[in-house]
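One chain, chain A, links the two complexes that follow: it is found with chain B in the first and with chain C in the second.
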Partner chain A sequence: MSYELISHTTVSGTTTNYIDIQSIPQTYQDLCFWWAGRANGTTARNSVDFYLRFNNDSTTEYGNVLQYGKGATRYAGFSTSGTQMAWSGWPGSASYSNNQAASLFGYIPGYRNTTNYQGHHVYMQAGSSATASEGSSDSRAGMWLGQWHVEQAINRIEIGFPYETYAPNSTFTLYGVKNS
Partner chain B sequence: MSKPTKTVHDCSTGIITEVELTAVEIAELEAMSERLTEQRAEEEVVAEKAAADKASGNQKLKDLGLTDDEIAALTS
Partner chain C sequence: MASLEIIAEGNVDNDSTSLSLTGIDQSYEHLSIDLNFQENQTNYRSEEFRVSVNGDGLSSYYYGGTHMSLKNGNAWLIQSFHQSGYPVAIMGFAAGAYQNSAQRSACRLFFPGYSNTNFEKSWLGRTNSQNYTAGDSDSLAFSVGSRTGTSAITAIAIRGSGGSNIACNYTMYGWKSA
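Right after this comes the complex of A and B.
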């Protein structure tokens, strides 16, 4: 197994809502990615919703299964028929000084597969850190299974915030995984 | 105020550009934001209720005379 860098994108300004990776090569077995950063925190909210979409699809074909700890509180749940896979209120907003950065690792097996009868899964592990809890913000860590119920090869990934913008120097790195 | 943008990396050319969002894209994000705000509120209610139930249950076990270690052994 070997990994090849497909894309490394660093946000430079403060107006970017999402990163959009297009024309992903169809030459690998799997995809995996690292996201690291935070929201710029221009709103009063103390935690920020975060989402992914594939192939510019905004239909209700997405789902989530989430299990995470937020401080000393545990949560487990799922959602279906979403227009995105999302973790509501995951990364802390920079508008609250106790919130620090967040990171996310994801693996997409068989991203070109169109005959597995289940669409695509994204296996993700995520964490965020805060020096203290403020409102719904806190240090979080969790497992997140994103689901996309469409039998298409993934050629585009959209990842970011619906109402916030990225903080400068946030990054998204996409690798192609070869099985030989 | 600056318009919202997206950072686009076209892997076929290697070119990365900052592109202003269209009115349609902005409307989509706003609709998404409303849905996720509702979802987040529902998740927080569930988590807070679970925490309150746990605290209440622990207190009832203590009232029966169990120690913290005995409660931990029973509930972990």
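Right after this comes the complex of A and C.
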């Protein structure tokens, strides 16, 4: 098994809502990605929406299962029939100060598979952390499983903030995993 | 061309209280580290699994983080922290030698964008261990840590509670972005 770089994106400026990776090669077994960044705005950290969307599909075919710790409390839940894969409030913003930093690691097994009858699943581990007292209560870490309930090969990934913009220098790196 | 390469691998065999990785190659975009880890203490089934970077000394930087952890047969423990004068990130819990002198935890750390100098750093962790004769010695944790400043991460220290030596096998990987 080997990993090959497909794309690496660094956000410049303050006008980007989504990092948009199109024409993903259909030659790998799985996909794997790293995301680092946060929102640029001053919307409260815990209310920044963060979405993934595949193949430009905005129909109600997305679901989520989440379990995470925030502050001193554990949260768990699920959602169905969403128009994006979403974990709101997770990545943080520039609220209060710029000291929020967020990370996401994701894996998409069988992204070309069109015959598994459950669409596609994305396994993700995410966390965001503030190093100042006013942000610490919004730091969070946990697991996120997303589902796109469509039997299409994934050829496009949009990831970002529908109502905010990226902070400059946020990054997204996409790898293809080869079965050889 | 492969974009994932091994930067370092090795073993710590109860002769140090920490694994110290220094002079980390700055030519990759991301880092990940896999370990099987034990703190060689017999007082607790598991102890804190801690990370610090760049040789930070006392009061040098602020650290922050959150972990959600299962340990000692208890309910989920959720903790968030921010602190100076104590420059470590608590990345959950890892096995001690309380129940079994050979028990270790499987641990993985992710350091996205470790080599860039234009963004605050945060890193992810997960740990788990299982003892097949005592369920209350099992543990599981998901965590995030961060540190003030935008410096590249050039050194990483991994330890337990700090009071005892550790044992681990480790592999550090570099992930390319070009």
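A few remarks follow.
The working rule: the second predicted complex is superposed on the first by the 166 of 180 C-alpha atoms of A that agree within 3 Å, B and C clash if a C-alpha of one lies under 4 Å from a C-alpha of the other, contacts with A are read in each partner's own complex, and residues count from 1 in each chain.
FYI, contacts are C-beta pairs under 8 Å (C-beta built on N, C-alpha and C of every residue); 3 or more make two chains touch, one makes a residue touch a chain.
From a predicted model like this one, the values you see are computed outputs, not experimental measurements.
Of the two partner chains placed by the overlay, neither chain B nor chain C lies in contact with A:Asn55.
In the superposed model, A:Gln29 lies in contact with neither chain B nor chain C. Using the contact criterion defined above for the overlaid structures, shared-chain residue A:Gln152 touches neither chain B nor chain C, since it reaches no partner.
In the superposed pair of complexes, A:Asn113 makes contact with neither chain B nor chain C.
By the document's definition of touching, both partners, chain B and chain C, reach A:Arg74.
In the superposition on chain A, A:Thr165 makes contact with chain B only, while chain C stays out of contact range.
In the superposed model, A:Leu5 lies in contact with chain C only, and not with chain B. Of the residues of chain A, those at positions 70, 72-74, 136 touch chain B in one of the two structures and chain C in the other. Residues of chain C touching chain A in their complex: 1-4, 29-30, 61-68, 76, 78-82, 110, 112-113, 116, 118-124, 126, 142-148, 175-178. Chain contact summary for the complex, chain A toward chain B: residues 6-7, 9, 11-25, 47, 49, 51, 58, 70, 72-75, 77, 79, 82-84, 86, 88-89, 136, 158, 160, 162-163, 165-166. Those residues of chain B that touch chain A in the shared complex are 2-13, 16, 18-19, 21, 28-33, 35-37, 39-40, 43-44, 46-48, 50-51. Interface of chain A with chain C (complex): residues 2-5, 8, 34-37, 67-74, 98-105, 125-133, 135-137, 139-143, 167-171, 173, 175.
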